[in-house]
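Below: one structure, written as structure tokens.
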Amino acid sequence: MAVVALDGVVKEFTVARRAGRFRRERSVVRAVDEVSLSIEAGEMVGYIGPNGAGKSTTVKLCTGVLVPTAGRVAVVGADPTRSRTDVVRRIGVVFGQRTQLWWDLPLRDSFDLLRHVYGVHADRHRTNVDAFVDLLDLAGFLDTPVRQLSLGQRMRGELAAALLHDPEILFLDEPTIGLDVVSKEAVRSFLVALNRERGMTVLLTTHDLVDVERLCTRLLIIDHGRLLEDTTVAGIKQRYGGERVLVVDLEEPHPPLEVPGAHVVRTDGPRQWLRFSPDRTAADVLARVAAQAPVRDISVEETPIEDIVRRIYEEGPR
Amino acid sequence: MADPDRTGSHGWRGELGVYRRLVGARIRSDWQYRASFVLLLVSQVLVAGLDLAVIAVLFGRVDALAGWTALEVALLYGLGGVAFAVADVFASQAELAGRHIKAGTFDRFLLRPLSPLLQLSAGEFALRRAGRVVQPGVVLAVALAGTDIDWTPDRVAMVPVALASGTVVFGTVWVLTSSVAFWTVETQEFGNAFTYGGNHLTQYPIDVLGPWLRRLVTFVVPLAFVAYFPAAYLLDKPDPLGAPSEAALLTPAVSLALALAARAVWSNAVRHYRSTGS
Amino acid sequence: MTAYRGATAAGVFTNTVFGFLLVYVLLAVYRERDEVGGFDVVDAVTFTFVAQALIMVVGLFGDSEMAERIRTGDVVADLFRPVDLQLWWAAVAYGKAGFYALFRGIPPFLIGVAVFEVRMPPAGAWPWFVASVLAAVAVAFGWRFLLALSAFWLLDDRGASSLGLLVAVFMSGLFVPVVFFPGWLESLARALPFASMLQVPVEVFLGKHRGADVHRVVAVQCAWALVLAGAGRSVLSRAVRRVVVHGG
């Protein structure tokens, strides 16, 4: 059974704008426009789109904060509209921009309070706290009031807090926003481990495409409330990847190699960059290069996913 | 999907336990700002004193108001004041719903498996408001001792019943007027007319009000049941407009009806919020 | 400003409700006697509605914007601007006074006029009434400013402000006209700046002060305004010095 299932979900908002000095005009905005998707247990799904695309709205619909205008939402087999507390008890949510911790109290107190809020047995709770303190390296600031924590520390605390009650799925809304590189890495490795070792289902919205690349097996792209793409990262690259670059380190400097379907865009001593089109494989180009000169080392550069996604936003799905 | 490691849904006793812990958390948070806490506590006590000072000033000039003597008015003040103070401690937090909605922090309540009203009440709990009970409590004690009450068993029972019901009435008025915040965020002040105005109103015999206002206060927003009818019952004071003294016995029923209405309106308000976002 | 339509309407409602409640209690008092402290029943009713109208105009309940800025420390940025802080907030106070006079003051008063018998000012009293209100704004501002400045020392001015405003509000006659107070309390209220914030302008409206008397009371208001402004200035400079020394 799918952990998350959206079926023809629509979410409309009525927006009032000032038209002239005293009148107000109402218009209806479709933040989510007939989105259908399903997420199975153990998947790690990235949900991306430009600002205002409807990502946060979708997460809010899944977590019961908003109710849909039309369509059905089922999370962990229940309807968050009707059975809010049942659903919320079994999911974990982290909103990157809003804290769910108790601001003036030590982090440890937040964990303790959450045990009571979610009704977790003391032993289970202790086990979880110990595990996450270890995995997220929280020991150093467990007794610090949350308001004094750095953003990176706080985010790690929020992640632990969201998992203490053994949720069946974790929703993350922009979890790495504003973090420094080290903290981002810590969060990412943690999420990878969580998914791999505990089979945690994760739905993650983000603007950081490195997050997507590192974490997600599946990618959902949304814009103007419509789901544009439901595919894998590799699939996206394959379809939109366009040209790639094979970087070869030759045994010794060589004049620019001649390979059909590829051309050298740059040389630097024994190293040459060959750009080749999608109808060629890297292996094929390599074979032809090796036929001309001995190769010591190689690497392949993909079109960065930022470029791909930007093109999808601009051009629409292909 | 039974999970032996989870205790499952709370039930009302469990919710009360969680409430206690959340309140404790808030008190500990406030204690971080000690100086402010103390000063605000003192000012709370003084605030309650102002209303009393007004009554004292008035009775310095006249001997009775609408046929009620100073001690009798003190009884009204005591009953209403204690009920208001207790409701203030537990239910006034509802008026902060609007602020949370504006700041976008209301969603946090929806993400937890507890009633948002409970979380609001616990999360914004202000222990200092308990200071407001002291003075009306003292006045109530003095009035009960000083007035000429024929202490039959039903009258003895009337005092706690009136206080409990009065607390519920004020609490529900708070929740009802705060529900407005879910539809239009700017009009929180509108609620003050009912809550603080209501408190002020219960300190005087409702005979002072014009006839249609009296009806409003008896049948629509039943503030007359907080102090006036119970006090009239205790003092065996005939009502100038002919209401039977048994009216006071309706007090618990009235407060219960109001509580049910408030619950329905609040639920509706939250549902509206979930439909329209912020 | 029209964005605050809802809030203003709610405020008018609140003022009206409180006005009515106060009036009803006073009417009950006047069932027992004909006059109190020189006020007859019409005076008392008029007093209540004019006072309700003036609450926001004079700014009796404080200006949370100003206090908030000091409390959050944003005020430090203001201190480095070339505008004088005290004058700036005084100007804001007068601006708000004008707005509230139109939108919060007049409606509840009109409602009161419609329902109860109200006394309008005698001829020639209007200009003095306006002068008195303008002075009252200054006096009330001076007091508020001093209370808000306590945040520089106490870090959180809410306790001090709360107390200070409460005392001011009570002693200014909002809940009960000062003439109702027992003799000693009335003298105290008039000796302190509080009566000048509300009681005095309303008395001028009621025509309780004529001729040289009117000049005197308005002069006293102005004197208080100056005294409080002076005190505000010296406390402000001390506060600025403190900020510079302690780093905010």
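Labels A, B and C are assigned to the chains in the order they are written; within every chain, residues are numbered from 1.
As a working rule, contacts are C-beta pairs under 8 Å (C-beta built on N, C-alpha and C of every residue); 3 or more make two chains touch, one makes a residue touch a chain.
For clarity, every value in this text was computed on a predicted model and none was experimentally measured.
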Chain closest to the middle [Cα centroid of all protein chains]: B
Farthest chain from subunit A by C-alpha centroid distance is chain C
Averaged-CA centre spacing for the pair subunit B and subunit A, given as whole angstrom: 47
Starting from the mean Cα coordinates of subunit A and subunit C, work out the distance between those two points in Å. 56
Rounded to the nearest whole Å, what is the centre-to-centre distance of subunit B and subunit C, using the mean of the C-alpha atoms as each centre? 29
Contact residues on subunit C for subunit B in the complex? 4-7, 9-11, 13-14, 17-18, 20-21, 24-25, 27-29, 31-33, 36, 154-156, 158-160, 162-163, 166, 169-170, 175-176, 180-182, 185
Inside the complex, what are the residues of subunit B that reach subunit A? 3-10, 14, 17-18, 21-22, 25, 28-30, 32, 104-105, 107-108, 110-114, 271, 274-277
Enumerate the contact residues on subunit B facing subunit C in the complex. 33, 35-36, 38-40, 42-43, 46-47, 50-51, 53-54, 57-58, 60-66, 184, 186-190, 192-193, 197, 200-201, 204, 207-210, 213
Can you check the complex and tell me which residues of subunit A touch subunit B? 13-14, 57, 60, 63-67, 69, 81, 84-86, 88-89, 93, 95, 98, 100, 102-105, 109, 113, 116-121, 123-124, 145, 165-166
